[in-house]
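Below is one structure, written out as structure tokens; the observations come after it.
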Amino acid sequence: MGKSEQIAVGVIGTGGMGGMHAENLHTRVANARLAAVSDVDAERAGKIAEQYGSAAVFTDGAELIRDENVEAVVVASPDATHAPLVLECLKAEKPVLCEKPLADSAEAALEVVEAEAKLGRKLVQVGFMRRYDPQHVAVKEAVESGAVGAPVVFKGWHRNADLDPGIDSEWVVINATIHDIDSARWFIEEEIEEVYVRGMNTAPKFGEDVWDVQLIQFSTTGGRMGSIETNVVAGYGYEVGVEVVGESGVVRSAPPAGAVVRRDYAASQRIENGWLDRFHTAYVIEIQRWISSLQNGGPTGPDAWDGYASLVVADACIASLRSRSPQKVARLDVPALYGEGVEVAR
Amino acid sequence: MGKSEQIAVGVIGTGGMGGMHAENLHTRVANARLAAVSDVDAERAGKIAEQYGSAAVFTDGAELIRDENVEAVVVASPDATHAPLVLECLKAEKPVLCEKPLADSAEAALEVVEAEAKLGRKLVQVGFMRRYDPQHVAVKEAVESGAVGAPVVFKGWHRNADLDPGIDSEWVVINATIHDIDSARWFIEEEIEEVYVRGMNTAPKFGEDVWDVQLIQFSTTGGRMGSIETNVVAGYGYEVGVEVVGESGVVRSAPPAGAVVRRDYAASQRIENGWLDRFHTAYVIEIQRWISSLQNGGPTGPDAWDGYASLVVADACIASLRSRSPQKVARLDVPALYGEGVEVAR
Amino acid sequence: MGKSEQIAVGVIGTGGMGGMHAENLHTRVANARLAAVSDVDAERAGKIAEQYGSAAVFTDGAELIRDENVEAVVVASPDATHAPLVLECLKAEKPVLCEKPLADSAEAALEVVEAEAKLGRKLVQVGFMRRYDPQHVAVKEAVESGAVGAPVVFKGWHRNADLDPGIDSEWVVINATIHDIDSARWFIEEEIEEVYVRGMNTAPKFGEDVWDVQLIQFSTTGGRMGSIETNVVAGYGYEVGVEVVGESGVVRSAPPAGAVVRRDYAASQRIENGWLDRFHTAYVIEIQRWISSLQNGGPTGPDAWDGYASLVVADACIASLRSRSPQKVARLDVPALYGEGVEVAR
Amino acid sequence: MGKSEQIAVGVIGTGGMGGMHAENLHTRVANARLAAVSDVDAERAGKIAEQYGSAAVFTDGAELIRDENVEAVVVASPDATHAPLVLECLKAEKPVLCEKPLADSAEAALEVVEAEAKLGRKLVQVGFMRRYDPQHVAVKEAVESGAVGAPVVFKGWHRNADLDPGIDSEWVVINATIHDIDSARWFIEEEIEEVYVRGMNTAPKFGEDVWDVQLIQFSTTGGRMGSIETNVVAGYGYEVGVEVVGESGVVRSAPPAGAVVRRDYAASQRIENGWLDRFHTAYVIEIQRWISSLQNGGPTGPDAWDGYASLVVADACIASLRSRSPQKVARLDVPALYGEGVEVAR
């Protein structure tokens, strides 16, 4: 695509995530336009189409993908539709930014990996937007600068203020912890080899056997270690952070960065209430960079392999929470398209 | 202008500031395009034109303004050219975002105010970008929420890592402190009534009589108070912050918000090295909001009155640093177009 | 006095400050004992005597001073009694730790200085306990290490949560700002040469002409500068801090250091409610060091000269708040006993 | 013992820890005196005796304990001597503050527990000084206030800058992690039920099979969870902290609390270099409170049961690091003397 033309993007799914991507495409990205939207709820799609330009409206995502006016696709529909739609994009040879998880199972994600590997070029990017979050990037840069030596321990925490009933322990892994798994792989630059998940129910509304707080200890192929806390009813706000303990120092994502208010015998800083609030900038940068990469040869963000590998670790987490014992993560052969899988910078 | 059309913007001046505005218009603003650039240095202008779209190139700013393909103008040329170019925009009835200061003297700024008042509608916005900086906005919102009561004392600090020789004490006021004067007016929502400037030379390279560190104590029409430190060779980095002491609490802009690196017996966070680094987000939001306001009825940011009033205070500061005594700020009659001048929210 | 003997200390005044010193002497200082207490309120004195050892009880401070069983004296009675009691100690040649201010006027303090200078050895220490506060000491050490270059600007803030009615603007200077004046002299290591005090009434209960918030801009004999905020009804808690802007960096006292509590969409840290809470450690170290110094040749803390010089600056502040104009501070001849008055470490 | 008399304390072991306790007894505790010291190195003992009062010198700790002039004992000799010396104190019915660990094995600690239970009154306190550290106490108070709901997850980190060669993985558990085990029990107020220890060697000087970084995931009798990082060659400084995730919020120990120095494009705060530096205040308060408790009926700090229970968990940690699998902690019957073992405040 030419540098000064606007890329015509179709967004599939117009709920919270899809609506946000549509808004960002329309108002915060220079070289793209919202060309089409799709949703099983045509009315909702229509509203988004109207609000953010004069986009065409579809009720069938596959149809949107095949439309010749659509040059690139954002998939933000329900999890189970991700893999089929991404495969459709590969068939149509159109670049796709797919929200996480890449699929609702590791098996389904493997199909995507294999189809893309067969095609022989990368078209798929997975929406691990933390890799674009300035706070995460600052930690990554500090680690890569060598300022604290090689990583030894990764610590992640991931807290939602609250969630509606209807989720189970597996959902927490696949939908929430999946981000932290990607973070761990990205920061440690090794595959996770073993996981041990413990959990507790603190919100009876989910059902007593649902672990809404999960603590995972893991080790990697190189003997490094980590701990992840996923807490979907933390109660106090939304917060995500990482700490990397290196051989000679420690890097930690910044503490709350809002204005400091002193009143009532306390100094306080605001904590965000949800991911759209916390990761607004990350989502904007993610889509700006994605559009820019499409103008310059193809996507450079987290790829189908990252989407697949994170799901394989998620599977092991689920096996661990069911068996209540440490579980090994399946070893994977990386297709040549994806290099060594996890980049090893050291 | 229609909501989905792209506004054609011309940028006058293609140095650091103009180049940044051109880049932001091209890559981070959805509904605008860089249509023209102007610089006395045609080669520099040409490079920017090529880099950020296929903009027309001018060497005469007034010509760019009169060009019928240009719908809105950004003025980022040397200070002395600001007022004449803005007057040209008013004559052409085109909206203009003019870098601070609005003029190189209060008198020249008054001409702009009078011309705009005569025209009867606002076309001028002044580049006090701090009003769009998330950290400043957070302080403003906290103050306006009433969380700390009515403002009593404003404190501002404004530090450059270093500057090249060639500046004098007056330059520090007009080019640096002007931002803090606008901040003080914006946070206190009263006009500054008296200023007392003290200073010290810490950098002999400027000449011994140049005060590169200036400390200003001021009071306002309502008896409120403030202190501003402007420090153009702070040595350690670039930093700008504010603190508002209210009747029942205090709000302070966030401390450094980068990753925390622990090494060598210290925990440290990075400090920015310059204003483009520190205020990158503020400049992006400033121009996004400006473009958006042009699609919705006209500019809503700091106006010609703010540009003029800040220069009147700057004049008093200069009188104070020359006389080494407190100086009253001239009282001004606010044309009806500008309401009460400084908004009074309380 | 021998190293392992306990020094017999008499405390004059058994209100909040005297009671605290008595408690610290009894429970947190190894080589001293509370030998005597004095108060016009014999009952209050009796309770303190009983609570912290079997101290003798006096109703006349001078009598306590002359008692042969008393080896050293702490003066914590009302301001007007300070100078007479300290003079009595000098007459008895007993070391005395006198709460600030050293006297209720610069003139009265000068009598103490002259009496001590005539005696030819230092017996008087003034209770500027901030010099023992770990947070202040950390700033002082950082400045003295040269890490930020020579001091250019001092900033101090001093906020009480609230005070009872009955004070006036002069009281704020003499009783509150006096600490900050000593801080400024200690950090800048130059005498204050000019002060300009502005103020505002935010608490009508004091009377409308009383400035409960005062902002002072000052300059020193070496052309350095400073700003002090004294705020006796800050509303939100008790807080004291300093910032020293040096030629190549800045040192600031630590932000609130309590546990970080995340709840209700905010991360917060406790702020102290009063000076006994905030400066507990400073008072303990002050008296431990004082006792220790008495075993090793005599007091090493802030001396009569510091007590006097701070009152001379306070006088200029009062003149400034009355005249509403900048005021010069009287130049003083320093008796040889006090070296150069303010230590110059650079 | 009478309230105003000085308790005669004997200190066994005059290395770093014993020397510090001797110094604190001599200079920072009001109602105690250093009456005797003991060390196999008589010369070292003699120096300490001379430096901190005129204490008697012993080379045999048991002899010191039996000396009729010694009323209370501090044990700070090598680990293997702890249990025998504490048993000697119980025989002599003298109160003893014993450095951690209480014994070099859980079995040896059980002997102490049984002997004390038989005696029927508490004489033993174990030196888990973190319970007196203001930063830890602030976290404990916040948790107990209910501000964040019942504890769900405990996180602890414990980092030494460096250690000399000669330690092994077990040493790390028994000498370092033992503190964090006590912390976890104190904050969660439940016994630890299962531990899973992973580790890595980052310092070849210890031998390649020695895990100098250990990460422990644990769960408690009530299903709560935790993670402990022990890192004996962290490289960057000494740091200990805790975070308690509650059902509705999170409490975390304060970040570094030193002066903030801005220079060289960074804002930094000092990190301590060792435990004497970091926990100075905790050790002073520990011994002040211990002395005070002896005057008021007996020790109130961490008791023999805490010393024993922490060693039982340590044994499970060692079994885990040897087996590389999760290990259950032995269930214990608590003698009546120790109530419910771990206090349950909720």
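Things to note:
As written, the chains take the letters A, B, C and D, and residue 1 is the first residue of each chain.
Operating definition for what follows: a residue touches a chain if its C-beta (ideal position, glycine included) is under 8 Å from a C-beta of that chain, and two chains touch if they have at least 3 such contacts.
Note that the coordinates shown come from a computational prediction; the quantities given were computed from them, not determined experimentally.
Across A-C and A-D, it is A-D that has more C-beta pairs touching. Comparing the CA-atom centres of all chains against that of chain A, the greatest distance is found for C. Taking the mean of the C-alpha atoms as each chain's centre, chain A and chain D sit 43 Å apart.
Between the CA-based centres of chain A and chain B the separation comes to 38 Å, rounded to the whole angstrom. With each centre defined as the average position of its C-alpha atoms, the distance from chain A to chain C rounds to 57 Å. Multi-chain contact residues of chain D, defined as those touching 2 or more other chains: 148, 235-236, 248-250, 255, 260, 262-264, 269-270.
Within the complex formed with chain D, the chain B residues making contact are 161, 235-237, 239, 255-256, 260, 262-273. Those residues of chain C that touch chain D in the shared complex are 4, 25-31, 53-54, 135, 138-139, 141-142, 147-148, 248-255, 257-264, 269-270, 281, 288, 292. Against chain C, the residues of chain B that register as touching in their complex are 148-149, 152-153, 155, 159, 196, 198-200, 202, 213, 215, 217, 219, 223-227, 229, 231, 234-236, 245-250, 255, 325-326.
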